[in-house]
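I am attaching a structure below and will ask some questions about it afterwards.
Chain IDs A, B, C and D follow the sequence of writing; residue 1 opens each chain.
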Amino acid sequence: MKNSTAYLIIVMVVISLASGLVLALTYNFTIPSINEIAAREQEQAILAVIPGATKYETYESAPFPMYKGIDDSGSIKGVAYVIEGGGFQGIIKIMVGIDMQNQALTGIKILSHSETPGLGARITEDWFQSQFAGKSINDAFVARQDVEAITGATISTKAVSRLLKESIPNVVEQYKTLGGGK
Amino acid sequence: MGATYEFYKGLWKENPVFRMVMGMCPTLAVTNAAINGVAMGLATAFVLVCSNIVVALIKTLIPSKVRIPAYVIIIATFVTIADLILAAYFPDIQKVLGLFIPLIVVNCVILARAEAFASKSNVRLSILDALGMGIGFTWALTLLGIIREILGMGSIFGISLFGEGYISWIIFILPPGAFLTLGLLIAFFNAFSKNKAEDSCCH
Amino acid sequence: MEHGNLVVSSSPHIRSKESVNSIMYNVIIALLPATVAAIYFFRLRAFLLIAVSIIAAIAAEAIILKIRKKPIAINDGSAIITGLLLALTISPAMPLWMAVVGSVVSIGIGKQVYGGLGSNPFNPALVGRAFLIITFPVQMTTWINPIDGLATATPLGLQKMEGIGTGYLELLLGNVGGSLGETSALLLLIGGLYLIYKGIIRWYIPVSYLGTVAAMSLILGSDPIFQLLSGGLMLGAFFMATDMVTSPVTKKGQLIFGIGAGLITIIVRLYGGYPEGVLFSILLMNIFTPIIDKYAMPKIYGEVKSK
Amino acid sequence: MKKLTFKGGTHPPHSKKATEKLALEKANAPKIVVIPMQQHIGAPCDPIVAVGDEVKVGQKIGEAKGFVSVPVHSSVSGKVTAIEPRLYSGGTKVTCVVIESDMQDTIHESVTSKGSLEALSADDIKNIIKEAGIVGMGGAAFPTHVKLAPPPEKNVDTVILNGAECEPYLTADHRLMLENPEDVVYGLQAFMKALNVSKGYIGIEDNKMDAIEAMEKAAQGKEGIEVVALHAKYPQGAEKQLIYACTKREVPSGGLPADARVVVNNVGTAAAVAKAIKTGMPLVERIVTITGEGISNPKNLFVKIGTSFREVIEQCGGFKGNPQKIIAGGPMMGIAQFNIDIPVIKGTSGILTLSENELQLSDPLACIKCGRCIEVCPIGLLPTKLESFSSRNMLMEAENYHVLDCIECGSCSFICPAKRRLVESIRLGKAQVMAEKRKAKA
């Protein structure tokens, strides 16, 4: 009886059901916290690249993640968006903030990357990220001229610069089509 | 070969990392810092203990033909639980360990203990076995993590040891450094192990 | 007329004068021009780096052999070559202690863990260099100009990152940025030709290696002469790819080895992340050496007609 | 003149200067000769004399048993004093006939001219050669008449005379070709007639230009005979390599020269054949080069078979310094001897006495995979691989890597910078593989 096909199936079904039940319970138990963490992280990143903003709204119709940062008075402090592209070893994901009024970057934040630790990974360091704040969106972003490069990690530096330079016109375009600050 | 033996064998004599050279994927991938080693070790130990308990409990019910798929479902369940809990309450560690938490499912240490031990022993011994193996796995990963963190970042559990002027040995936080450190540690332990001949037969 | 104890052994009863030692010391002689040039260009720094690397290599060899309870055969010259080659591939700006680390890794992890001279699959000096470039990438890629002592980039780096070319004559004579031994292509070429002339190495690997790099750069639209003269190519082609232990034993095999190394070098240089590909090309081809040896056997006398 | 050669090979120092300009001399007549009943490859002879018998020069004292065997003759006239096993240069003991010379050198009545070559048939020639006890004089000592009787389906069309003398130090063939080229050519003609072929080569290394000239002069006007200059490279005189150099043919793996339609003989053998036909004198004397740094006065001597090494060495002024090694034959393939109380036999091309300086004894080191041995192997083998297979008893692998094709020329051991004993290991592996094969057959 123990080796009959029916018994095999029953055992597997029971185990699977039990497993599914346990997982469903765990999921329900943990998901609020997980979602909260994700939302908090996104908000922190957006607010970090748009100084002065206290909350944000998402441009639902934008083809890529794009947000507007709003301050307490309800005025738009800037636009934030996520760009990703190839670095030295893998994808670099950056949150970028732009002040459309002043045509300037308000800040960038590296969300994820897989650059070499100790070298390219230094793009996450404050001095590197903060140098972009205040730069004109029409800047050439040439590494070692406009952008201070990381010693020994020219490629990672250039990747960040290139991602910014390539994405900015696109965002400005989107911003216009989405109706600016409305 | 009493109950205590089932516990302490995993610590050294049948240490999964240094003696059996099992579970190499997480061993090599996540141990670039001591805390990661601890976290990965504990997560694995958690899965190990839970799955050993369940397997030991229901071993008589599972037909031998489907035992491996059944074990895998059990293990996968606990891995997912571990992953969710880490994501919910320790998001930073979950981010660092990333893909390697789900990969605990295929860590051969766990399936090996379920298959080789829990499926043949009672719950009490299975818990002791899993605890021994889990702690053995954890200390091995932690040791690797400590060495790699000290050399690669000049810190231990995030506490800087040598100050600002330290030049990182970057290779040690990269995968090649994991291979080097593990290889040298195994060589070192082999050289100092009394019963070399007996142990070298394992895998 | 009586005679002492006669030696009775198997034929042949005479041996060629060439020994492992004489091979090793000839390689050292061949490296001397480039070594002297390195000291001339970079003065005391170069001298110290070279001396420290060699001493560390010899010491590591002696200590590890002692631990392994083997006869301490450091007079065969192989450790000197490893230390010297390593020194010639590192930047003159390297801290001395890093050179020591490189030497110890070369001998320890590159050679002795495999069983010592003759058993290592990879060129020990290159293992040491690979370790250093991954471990200390900043120091390994910070170059100084031999003329003014200021920070600069290598000709390959300039070409790749900035699109700035370097004149042939400068490359040939060596007043360019680069590691200690790769600055002067001419002196390395002289050393390499000496080795070929003395019959220490055969021409197969250097010629096929350099030829492939030249041909491929021509095909891929790069300047072949620039590619030949810059970087560690001369050093690699004559002194590292030809390392007997880690390269194939047959003529056919050596030609394949050289072509493979040439292809990898040019691919890394033109398309890869690093400006220079010699190191990786030789290490990668080292991996293939046993396979090449297995399939590139010489034709056996009388084999064809026996069928 | 074109210079012919083969693939691989090496260049050991020739070391022939000491004797190449020294004319052949007759060795002092020995008081006692010890004549082994087996001096050739093949079945040993049965002694046909008894202790106390009187024998004369050229008298047959050992009868051949079987086809691959040749008779043995007395080299002196005198009385048989013993028939007993004695050590010989092969390193073992064989039955020897010991003759005390009466110093008269009375020639046996059977020794008479066999007439002119034209008058003799092919079978006559083969028979004369067999009865004269002639074997390959280069060192291997294979019975010559066997070589002259290849299976007819092999269509042998060429005879090659080996005058390469590629072994360092030895100058016996060189002097022979210089001083008696006519006999060499005569012997070649006899071989060609016995085999009914029209093409004969005499291959000589180009470090003996005077010998090439002498032979060319002697061969002038002789139809089908060509003297070829060979590149001086070891082992140019190895059968397979010589055949390739002269004809560009390869002897198939495991085959005989006849499979390449060629028969090879040494120039010394040819001269012995000429003598046997012209005068009827069997092979009782040969040219031996006594040389090496351990000898006072190196010489090229006509030595009667059975003369002890000791007597010959004494005639050359004895040892100089403290010799390290006494070798029967050349330095590349000769056999090192335990002592010098052994007789000169038909295959003794040289007595070489090496000093410490020449030997360069050193312990083998780890192989550095320089590939020198592969480069020099005239067969195209991988000696370094074969060595490791042989020493680890991996016989299957050794056989797959053609260990049986090794000609044991010693080039690999000679060239090895790590001084490894390659050919020694390979020889052992070869013997084991052969033994396995015999076992499998049985």
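Criterion: a residue touches a chain if its C-beta (ideal position, glycine included) is under 8 Å from a C-beta of that chain, and two chains touch if they have at least 3 such contacts.
If you're wondering where the values come from, they're calculated on a predicted model, not measured in any experiment.
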Inset, instruction - Please state whether A-C or C-D has more C-beta contact pairs across its interface. - result: C-D
Inset, instruction - Please list the single chain whose C-alpha centre lies closest to the global protein C-alpha centre. - result: C
Legend entry - Averaged-CA centre spacing for the pair subunit D and subunit A, given as whole angstrom: 87
Inset, instruction - Could you put a whole-Å number on the gap between the CA centroids of subunit A and subunit C? - result: 45
Inset, instruction - Could you give the separation in Å between the centres of subunit C and subunit D, each centre being the mean of its C-alpha atoms? - result: 47
Inset, instruction - Between subunit B and subunit D, tell me the centre distance in angstrom, where each centre is the average of that chain's C-alpha atoms. - result: 71
Legend entry - Overlap residues in subunit D, where contacts from two or more other chains coincide: none
Legend entry - Sites on subunit C at which at least two other chains make contact: 137
Inset, instruction - Give the residues of subunit B that touch two or more other chains, as numbers and ranges in rising order. - result: 170, 174
Legend entry - Every chain pair in contact, whichever chains are involved: A-B, A-C, B-C, C-D
Inset, instruction - Would you tell me which residues of subunit B are touching subunit C in their complex? - result: 167, 169-172, 174, 176, 180, 187
Legend entry - Residues on subunit A engaged by subunit C in the complex (per definition of touch): 88-89, 116, 118-119, 151-152, 154-155
Legend entry - Touching residues on subunit C, where the partner in the complex is subunit B: 109, 113, 131, 134-137, 139
Legend entry - Contact set on subunit C toward subunit D in their complex: 1, 3-4, 6-20, 22-23, 73, 76, 116-119, 202, 244-251, 254, 297-306
Inset, instruction - Quick one: which bits of subunit B touch subunit A in the complex? Just the residue numbers, please. - result: 32, 61-63, 65-66, 69-70, 73-74, 76-77, 80-81, 84-85, 87-89, 91, 152, 168, 170, 173-174
